[in-house]
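You will see two complexes here that share chain A, one where it goes with chain B and one where it goes with chain C.
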Partner chain A sequence: MIRFLLIFIVAINALALPAKASEWRTLPIVHEGRVKPIDSFARVTLKTFSGSETLKTLNASEWLKTAIFTPANAMDIAVFKTQSPDVLNLPIRKSKLYSYQEIANGIQEKRETIQQLLNKDESSWTGKQHELIRLYQNFILHTQLLRSLTAILPLPFDIPEKIKRNDNVETYLDLKKIEKRLTKETKSIISLKGANPDKYNNEELQIADLSFQLRIIEEGGTKNTLLKIIPDGSDLENVAWHTPWEILLDGHSSPQKADYLKLWEEMARAYINNDTSAFDDIAKNAQNQWVKNYKLKTEVFFNSIPLKTIALSLYLISVLLSFLAISKPQWLPHNVINMTFITALALHVALIVFRVFILERPPVGTLYESVLFVSLVCALITGVSALKHEKERRITTISIGSLSAFILLYVSGGLAGNDTMSPLVAVLNTNFWLTTHVLCITAGYGFCLIAGVLAHVNLWQEQKTDTPVAPLITMSVLALLFTAVGTALGGIWADQSWGRFWGWDPKENGALLIVLWLIWLLHGRISGHLRKTGFMIGLAFINIIVVLAWFGVNLLNIGLHSYGFIDGIAMSITAFILIETSIIGYLVYRLKKVRHEN
Partner chain B sequence: MRKNHLIQRASNFLAKPDILFFCLPWLMVLLIVGTIAQKYMGIYEAQKIFFSSWIFFWGVIPLPGGALTLGIIFVSLAIKFIFHSPWSFKKAGIILTHLGILTLLLGGLITAKYAEETFMVIPEGEYLDSTSVYRERTLTLMKNDQEIEVINFANLKKGTLFENALPFSINADFICENCTMSMQNEERSKNAHGLAKKVELVSAPLEQESEGNLGGVMIVAEKTNLDGRHLLMESVADSVTFINAKDKYTITIGRLQRPLPFSIELIDFRKINYPGTNKAKSFESDIIIHDGDVNWPITIRMNEPARYKGYTFFQSSFVERPNQEITVLNVVHNIGQVFPYISSLIIFIGLLLHSFIRLQNKRRKNA
Partner chain C sequence: MRTNIIFLAIIVFISAGYTIFTLHHDRPIFANTYQQKKISTAINENVPEFEYRALSGKKGKLSDHKGKVVLIHFWATWCTPCLVEFPLIIELSKKLEKDIVVLAISSDQQAAPIKRFIKKIDTKIPSNFIIIEDSEKHITYDMFQTMRLPETYILSPNLSINEKVIGARKAWESNETIDQLRSLLHTNN
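Then we have the complex of A and B:
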């Protein structure tokens, strides 16, 4: 065991090393309502465009540096992913990734169609039209990103030698300082030679062009609200944040903010000059401007370790090894399976603990988080049960836990969206009720799912041995305890926030359905209406009831639980119900056949 | 003797687990159908048919509604609890859980019977001493700002209105529960006033949720200072005023008002956003409850209501105008409010005890 723990610690340290690479990744930014490290911003933004947190040749942070410090270079990086390149007349490509430049050309061609679509009701759009608008919105977002630091970047055009020498003009800011003089000179050129540029000499042309370029850069910066990297004070969580353009154009500046912006300007210069060491030093200096924020560093550390992927893989290995051990007991020492499962469980716990620390809330604020948590509950329940069992049953129990956790973690991927750490709507912004009601009801889901899977296993094994029903009843009682208390707590929360304990809202009805199903099964068993097989079949169906209550009711898009509304999973739920019903049907058929033969 | 025997038999029958065993699946069917129906019929209608009714009809077939099904479960459970409970420690968890469920159902009955949910819309710096009922509209007649007569919108019929209260004549010419407007024709326009000069009321299909309807009445006034057609429509043209012999008569259309035994003043409303977004982190209303000599300042937030004299005030919504913020408070008066709290606690203790006893028994058996 100790040997295993040592290996685990060394592995974690090895994985953590990349987090030490650069201070730049821990610089704070406000994005979608949350103060986060720039590393998280880069990952979420890149995922919005490409569907992934990394590109083949660049990680998110490096890509972001290119986009904001050298916009011209970023225009050629293929980051826009689309399954329907035809909507913008793009060439078909295996990677399905396209550059900003390619998208811009496509948008230019389709500008009229896009405008017409935007004037129409969204519900009338076809799938392709949705994709066209999604690409257009991403294009706008990318444009904002490319223009976010143009105020402090070297100007992307030639400066007349005279001005360059006398006024030391390198950036927009420098140019802004001589704006009045430039305007005056341009006016005098026009009054002297007229408005036709063909009559200007080279220097006059450059001066006139400078005034024009100044306005173009400024227009690009106006309303650029994406890169909010400058806070109003050191209390990062509770102050207003601004983009560099907001600082320059809207008069939000102060000496401290000007100094901080200067550091970003120096960072940009170091990056453009490929001076990595200077870049890191300036980033560290910029980081030191703020009170040590361990949460940001922890988040970068958390980002750099794919805890979920590793846990998911280990659960899968655990399932496969368990099945192998069940069918060929002599092939594998059971300790290997135990250790694989425990490692997966430890990483899974770490995943949840990190999220709790970073978000400062219980790990069940969104549908995605609830799936992560329920999968952990499933693994923990079986982990605790396994401790009490003999070798053979221990492996069966571990396989049930691993399989449940694996399936749920896998499913969570489809619910993740671009940002899995977004802030909660006002009504959910209460740690007390999240901790009491949501943790309780989701733990109840976990107990239900394990009871359901156990019922499947019992139906499978029933033909061989007379499987005991008591563990199923115990699991059902515990599931009832958590779901009933969780539902009642939900009612009390509803009474506190909406003024009524019960409103027959779809989400409430879903939770009640689970409770009623469990009560019916338990009372049916006690009263003798349900025999052992009937009880097991009924309990096997609890998985379908839980899925309907957990996800299905959200598809109705009605009621007060509007924060949970989703679309696009109806097919998956239907498929699950059909598959699950078929499996239970097959198990019952098999059982009857064997009994008949006996 | 025979009577006692019959009571005994009835009690045995009602306490049978069969009743629960067959009622629960029906309740689940109602739950599923009623939940899905909310999407298509509207939340209020679906709840009324499937959950609050004793009987509802599927075509011509009468079927037991949620209230009847829950009523049967309640009676069965109550008889089982009182006369047939195995009063032993081994069953203490189950007995407590059953008691909790009985308390919960009883609380549900009291709430369904006596609770009322209304709302208040208060602009910053203003007072209000009444609440508005969500689904009931009224036509109110006021003489010199004093309320004279109120007609519930549901009882409104074409013909003379406020017959005994007016020295002139007002006739309802057209009534719509949910109205929209069309252009007024030239002929009628000549004899119309205010908005009625330009538009005519037209019936629109009822909204799924009653709150979304905009009720309206086209009235015709005779022997007044403004004879002719007048339009009254919620949120569009709320009132019409006539002057008769120095008296001011005002007819208003709006929600039914419930007076409060105190008044509420909104001092400040705040919407606090997450940094850099328009996404609300919290809504807060600073109010003062004025009740005689009592002036009680309190802040209402999401998940933190204010309670006073049996009324509970919840932050429900808000309206932001350029120079003014308006809070919308949900007001609940429910004498059964405490039941869910007590019953939840009993159910929790009961189920916990039952799980504990069950695990202990299992351990003992294994030993």
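Then we have the complex of A and C:
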């Protein structure tokens, strides 16, 4: 066991070992309201464009470097993903990825259509029109990125000697220093030869063009608000952050910020000259400008380990091994299954703990996070239950936990697209209520799901043995306790936030439905009105009710829980309900058939 | 069943404990994340040393004025708002001659327009108002990256930034400003 864990830790460390330029990846930036390492910013931004955190040949950090330090090169990297290339008359491609240049050409062609759409109500757009606007918005975002550092990048044109004289003019900032000289020369050319450039000689043309280029660069920087890499103080937290252009154009400069911006200028030069070692040294120097922030390093470490993927794979292995062990007990030592499950569980816990540490809040702020958390609750419940059971039942319990956690983690993949680990909307912005109400109700979902899966297993096994109903009752009581208390706490929170305890909001009705269903089942069973089989069938259906209350009500897009609204999962929910109903129907049919035969 | 009850009791106990704890320590999630503040620049940032040459030809450095409230004022004769603000700062420096020093750093490329302007405003420049030529823009651009004029840094006596004024301020002579600068002199910041 210890050897297995040691090998695993070494493997994880090997995966997480930061590649070169790790200092660059931990440089701070404010994005979506949170101070994060530039590595996280790169991943989120790349995911926005391409739907993935890496490209085939570049990781997110390397792509970002190209985009901000060598914008001309980045224009040819295929980074925009679209399933509908026809909306911009793009060629059909297997990868579905297109470059900035290709998108720019398409946008140019469709400029009028885009303008007309933007003047219309969004609800009237078709699916393709939505895609067109999405691509347009991503194009704007990418343009901002390409222009983020143009103030400190080498100028892509020569400076006439008449303007340059003995000064060292390499960047926009240098050019700005001699702007008066440039303006004077340009005015003098116009007064001598007029405004028609055809009459200018080469040098005069160069000078006139230079004035124009200076304006173009400056306009590109105006309202450039994306790359907020410069804080108003060295402790990073609770201060305003600015982009290099905001520093220069909006008066947010200071000697310390000027020094920091010079480091970025040096970094850009080292990157352009392909001097990796100098780049790393400067990045380290830039890192030392600010108060040490271990959260940033932790986040980069967290980013570099695919904890969720490894846990998901291990849960799947655990499920398969458990099924194998149940059908052929002599084939497999149970310890292998136990270890696989425990390792998956440990990684799952680490995943949640990392998120709590980074975000400084309970891990249930978004729908995606709630799925991660509920899957952990399911695994933990079965893990604790497995401790009490003897060998045979332990494997069954582990298989239930592994299966539930695997399915939920797999489902979370569909919701991960919106996971940017950003701060929450104002109404959720309280650790107290997130901890009490949301943790309580999501833990309740976990108990419900395990009770539901257990009911399925019992329905399957009922033909062979007289399965005990007590574990089901225990699980149902715990599910009822957590969902009922969670719902009541939600009411108190609603009273504080919205001024009423209960408003028959879809989310509230969903929570109430779970509570009422469990109360009905438990009372029915305890009073004897429901027989054992009926109780198990009713409990098996709790999965459908939980899914409706958890995800289904969000599709209605009405009520005050708007922060949870989602689209595009109606088909998946319908499919789940049909499959689950069919499974339960089959289990009941099978049970009746076996009983009839006996 | 007994184990279940114990397990349940532990959960309830921990939850209740945490609830009571957080009731007294509840804080917004944003406490440690970014919040936009309406401040113009880094307060308490130490301004590094720099040397200058005054219009009079006399050389000096920032640290010569340690112990006084220092106003680093960036301006130029071609900047219209600067021309409106400039006489107001001169009047302020006259009122607080013993307490403050003004370093008026000009971005003009030559001394002639500065001298013409000084002559034109026809007022006596007090000794604590030092006009500095920065035609190479080493202080204005390289050090402070000041690109929009006028701009004024108010430094505490220990030469750290107390306030940055972006654009022209009309209330330089107001009692509030005078009180602010005087109180700054008596603090250790």
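Quick note on the criterion: the second predicted complex is superposed on the first by the 586 of 598 C-alpha atoms of A that agree within 3 Å, B and C clash if a C-alpha of one lies under 4 Å from a C-alpha of the other, contacts with A are read in each partner's own complex, and residues count from 1 in each chain.
Criterion: a contact is a pair of C-beta atoms (placed from the backbone, for glycine too) under 8 Å apart; a residue touches a chain by one contact, two chains touch by 3 or more.
Values in this document were obtained by computation on a predicted structure and should not be read as measured data.
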Chain B versus chain C as contact partner of A:436, first or second or both or neither: second
Partner chain in contact with A:578 - chain B first, chain C second, else both or neither: neither
Partner chain in contact with A:192 - chain B first, chain C second, else both or neither: neither
First (chain B), second (chain C), both or neither touched by A:361: second
First (chain B), second (chain C), both or neither touched by A:502: first
Partner chain in contact with A:177 - chain B first, chain C second, else both or neither: second
Of chain B and chain C, the chain that contacts the larger number of chain A residues: B
Which of chain B and chain C A:239 touches, first, second, both or neither: both
First (chain B), second (chain C), both or neither touched by A:252: second
Which of chain B and chain C A:72 touches, first, second, both or neither: neither
Common ground on chain A, meaning residues reached by chain C in one complex and by chain B in the other: 30, 33-35, 237, 239-241, 423, 429-430, 470, 474, 478, 481
Chain B - residues contacting chain A, complex: 17-18, 20-21, 24-25, 27-28, 31-32, 34-36, 38-39, 43, 47, 51, 104, 107-108, 111, 115, 117, 273-277, 279-283, 302-305, 312, 314, 316, 330-332, 334, 337, 340-341, 343-344, 347-348, 351-352, 354-355, 358-359, 362
Complex contacts: residues of chain C adjacent to chain A: 1, 3-4, 7-8, 15, 18-19, 22-23, 26-37, 39-45, 47-48, 78, 109, 137, 141-148, 151, 161, 164, 166-167
Footprint of chain B on chain A - complex, ascending: 30-35, 225, 228, 237, 239-241, 423, 425-427, 429-430, 433, 470, 473-474, 477-478, 480-481, 484-485, 488-489, 491-493, 495-506, 509-510, 512-513, 516-517, 519-520, 523-524, 526-527, 529, 553, 556-559
In the complex with chain C, residue positions of chain A that touch it: 30, 33-35, 173, 176-177, 180-181, 231-234, 237-241, 247-258, 261, 359-361, 384, 388, 423-424, 429-432, 434-436, 440, 470, 474, 478, 481
